[in-house]
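The structures considered in this document are given below.
Across the two complexes that follow, chain A remains constant while its partner is chain B and subsequently chain C.
Moving on, here comes the complex of A and B:
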């Protein structure tokens, strides 16, 4: 992997240059809510020592709600209109590895057979500049799902802050390479020191062996442990909405009037009781234990089996946001303990 | 290509099957789409009423008759209620076909028994006509259909056609208490009737669709008759939204019912976690 160096001032100039070219730049909002657009290059938030924002940048590629077409009824016909294609180029600045990885994980399900052009248009127009993460608390567990504070997976460029105030730049993908080539004056020769910085941020201690969790789940569908886990969960679905990789959605019509409206693709979550309820009233997941089993199994067993990726980046958001303290890292560690 | 944008279809005919079940006969508005549209028996589609939403039903007509497609639905929720308000000439949307299909090749040269309960006859009707249109490729054909009451029997005119057809044994039954004074068919639950009239399991295939409780009690009967697990075929009807392996709603374990199903044989069914 090619390495470069960029000074602090040059990074600001680089960001300003992108804004001038018409890119939208998003980075973690200083108030900790989520990612927001920055107005000038100097406002890009590269501080990863702070607690991660409540929301990831998932909305950038998979919005909470988006129209998939508009309809207009006439006396004896219906006209359908595609929404304008998403062409806005966006750069995510300062994504931690647990967020940067999300696009490549979700890309699998949105492309394994039929292709979801809505996701793809957004993902293809997004460039991720990842950054070494200096934060770690008891809810983090990136090191248990194959990531680390310095993993470059999912980033196009990956920055490691050096002691000189500048950054070591790892050029991960072609998209990243293009940025470097376009700005020869800003990206200088690589300087040593990135490995030493990375070594001082090993991240959280490993909580569980993901392979063990997967094996246990695949053999214990009827284990009473699931019902116990469901006792705590309220089914509010904040975990799914704050998750960088939860991707379940609903398709709902939103009429403006009798004649016009649009069909929307909206976030949904497997923790709600109506999620799988049949028209007949039969519900394959009719209690919270079954729904919680689905959440954990989908992340650590079903998705890896189907798509070769763990559907979790260990960011800890679901745990930090949970009003009743359900801790998925602890649950997975508990499951590994049962194996 | 917009995955979620349906093709438009015109309602050509509406048949009131029972007080709460309706069949639509549909034709594509765009002749080019009609020409390129192909499906196989057992596949499903997403039907939409614009402003109300989408609903998942199987395609109930046979792929051997491609100038129209039919769907049958029971009025239950928002979309099906809206569909009941539509008239001949109105436009609805259709996305599909989605999912896998009945293994017609595996069925060829064998005895076939079709077993359906209630509205479960819709997907079976598709493969019944498919098989009847290729009659000489199969041995004995038996149809067992049951509903709660005489009033709840769907496709009544076709049940008569099948009864009068040579080389097809058709048995229609209603649950005890569901018969009328002039009812001449069987009275009893589907599994009991199947045990009486189904062919021996050797070189035979069973296609079973209906409420979960009917399937649950029919499976042991089929095994008793000697049907091999690969030759007991049914469909799963999980709740779906996208129909194409994205929205994460119909999953059973790592299986997407909308992609890997809805048709499963008993061997495949047994390998799934019990969550359907």
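Moving on, here comes the complex of A and C:
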């Protein structure tokens, strides 16, 4: 992987240059709610020692609500209108590895049989500039799902802050290479030191072996352990809504008037009772234990089996936000213990 | 003076209750979480301190009850108000529960912090129920604490001073972030409808998409449904992944209930509900 160096000043100039070219730059909002657009290059948030924001940047590629088409009824027909294609180029600046990885994980399911043109247009127009993460708390477990605070997976460029105030720049993809090529005056020759910085941020201790978790789940669908997990869960689904890779959606028609309306693609979550409720009234996942089994199985067994990726980046958001203290890292470790 | 663990052990050993809803320490973490004690041995896992943030009364609503028989529940003052309110609304009879009332000197705003004037939860700043108003067994404990300035009170006065247009713009800005997960509803002990208005689609009262229009409709309708019913536990705000300050809205409605009708939710199990009763001496100057 090619490596370059950029000074702190040049990084600001680089960000400003992108804004001038019409890119939208998003980075972690200082108030901790989520990712927001920055107005100038100097406002890019590169502080990864702080706690990650409550929301990931998932909305950038998979908005919480989005029209699939608009409809207009006439006397003897229904006319359909496509929404405008998404063409806005956006750079996610300073994404931690547990967020940077999200697009490449979701890309698999959105291109499995049907190509989701909405997701793809947004993902293709998004460039991810990842950076080394200096934060870790008891809810983090990136090192148990194949990532680390210095993992470049999912980033187009990856920045490692060096002692000189500048950054080592790892050029991960062609999109990243293009940014470097377009700014020869800003990116200099590589300097040593990135490995030493990465070594001082090893991340959380590994909590479980994901392969063990996957094996146990695939053989224990009816195990009584599942019923214990769901006991205190309130089914509030904040876990799925704050997850960088949960991607379930619902399709619903929203009328604007008697004749016009939109078909919307809206976030949905498996922890709600309505999620699998049939029109007949029957619900195959009729209690929280079954719903929680689905959540854990999808992340650590079904998705890896089908797509070769764990549907979890170990960011800890679901656990941090859970009002009843359900801890997915602890649960996965418990399952690994049963294997 | 009996300890919490002692009380619970007796209740479970004698068969007086089937389960006790309480708090345990989350392993490896500086926080507590809800725990259902089903055997006398389980009682040793129970803890109670300033990190007991949850309002456990949410587990007494019909769809979330952990047992069919009698339930014991560990309750701070604010939790006991929610239990009382559930009784006022006929969701619970006095015999359904054994309330283990905990005297309380406040909880932290965020899980994992140590308790101090600066970390105290906003709801505790104005709390008047350090001793629960409803209890079958009372576990005494510290109940005095230093209260900081009422930050949310100041914010409320700022909002009250706004023009309706400014206030609408403020709330539109907040509701814009709503992702429609309904975590607020699920964490709320007063949101126990078997079918929520948000899930009715014939007719569809509320747009389900997380657009500003749908978000305003949802949040305003939920606030209205809590008027005179909310006990101010603030679990909705804590559950919100979008950090919407729902507590401000609920507190305002609670203040109106107090100022206009002299009513406080969940203080007396035999009191009628505010919105569910009618009396010909009710004020009616708003009918024009």
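Just so it is clear, the second predicted complex is superposed on the first by the 339 of 339 C-alpha atoms of A that agree within 3 Å, B and C clash if a C-alpha of one lies under 4 Å from a C-alpha of the other, contacts with A are read in each partner's own complex, and residues count from 1 in each chain.
Note that contacts are C-beta pairs under 8 Å (C-beta built on N, C-alpha and C of every residue); 3 or more make two chains touch, one makes a residue touch a chain.
Because the structure is predicted, anything quoted here is derived from the model rather than measured.
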After aligning the two structures on chain A, examine chain B and chain C and state clash or fit. fit
Looking at the overlay, does A:191 come into contact with chain B only (first), chain C only (second), both, or neither? neither
With the two structures laid over each other on chain A, which partner does A:231 touch: chain B (first), chain C (second), both, or neither? second
For the three-chain arrangement built by superposition, which of chain B and chain C touches the greater number of chain A residues? B
Now for A:252: first (chain B), second (chain C), both, or neither, which partner does it touch? both
After lining up the shared chain so the two structures overlap, which partner does A:108 touch, if you call chain B first and chain C second: first, second, both or neither? neither
Touching A:323, do we find chain B (first), chain C (second), both, or neither? second
Is A:65 in contact with chain B, with chain C, with both, or with neither (first, second, both, neither)? second
Between chain B and chain C, whom does A:270 touch in the aligned arrangement: first, second, both, or neither? first
Could you look at A:89 and tell me whether it touches chain B, chain C, both or neither (first, second, both, neither)? neither
Rounded to the nearest angstrom, what is the minimum C-alpha distance from chain B to chain C in the superposition? 6
Chain B/chain C common contact set on chain A: 250, 252
For chain B, which residues are in contact with chain A within the complex? 1-6, 8, 29, 48, 50-54, 74, 76-77, 80, 89, 91, 93, 211-212, 237-239, 241-242, 244-254, 259, 273-276
Contact footprint of chain B on chain A as seen in their complex: 68-69, 71, 73, 76-78, 80, 82, 109-110, 112-118, 221-222, 247-253, 255, 258, 261, 263, 265, 268, 270, 275-280, 282, 284-285, 290, 294, 297-298, 301-303, 305-306
Chain C residues within the chain A interface of the complex: 26-36, 53-54, 58-59, 63-64, 66, 111, 177, 179-183, 185-187, 199, 207-211, 214, 235, 238-243
Please output the residues of chain A touching chain C within their complex, sorted ascending. 31-34, 54-55, 64-65, 138-139, 231-232, 234-238, 240-242, 250, 252, 254, 264, 266-267, 269, 272-274, 321, 323-327, 330
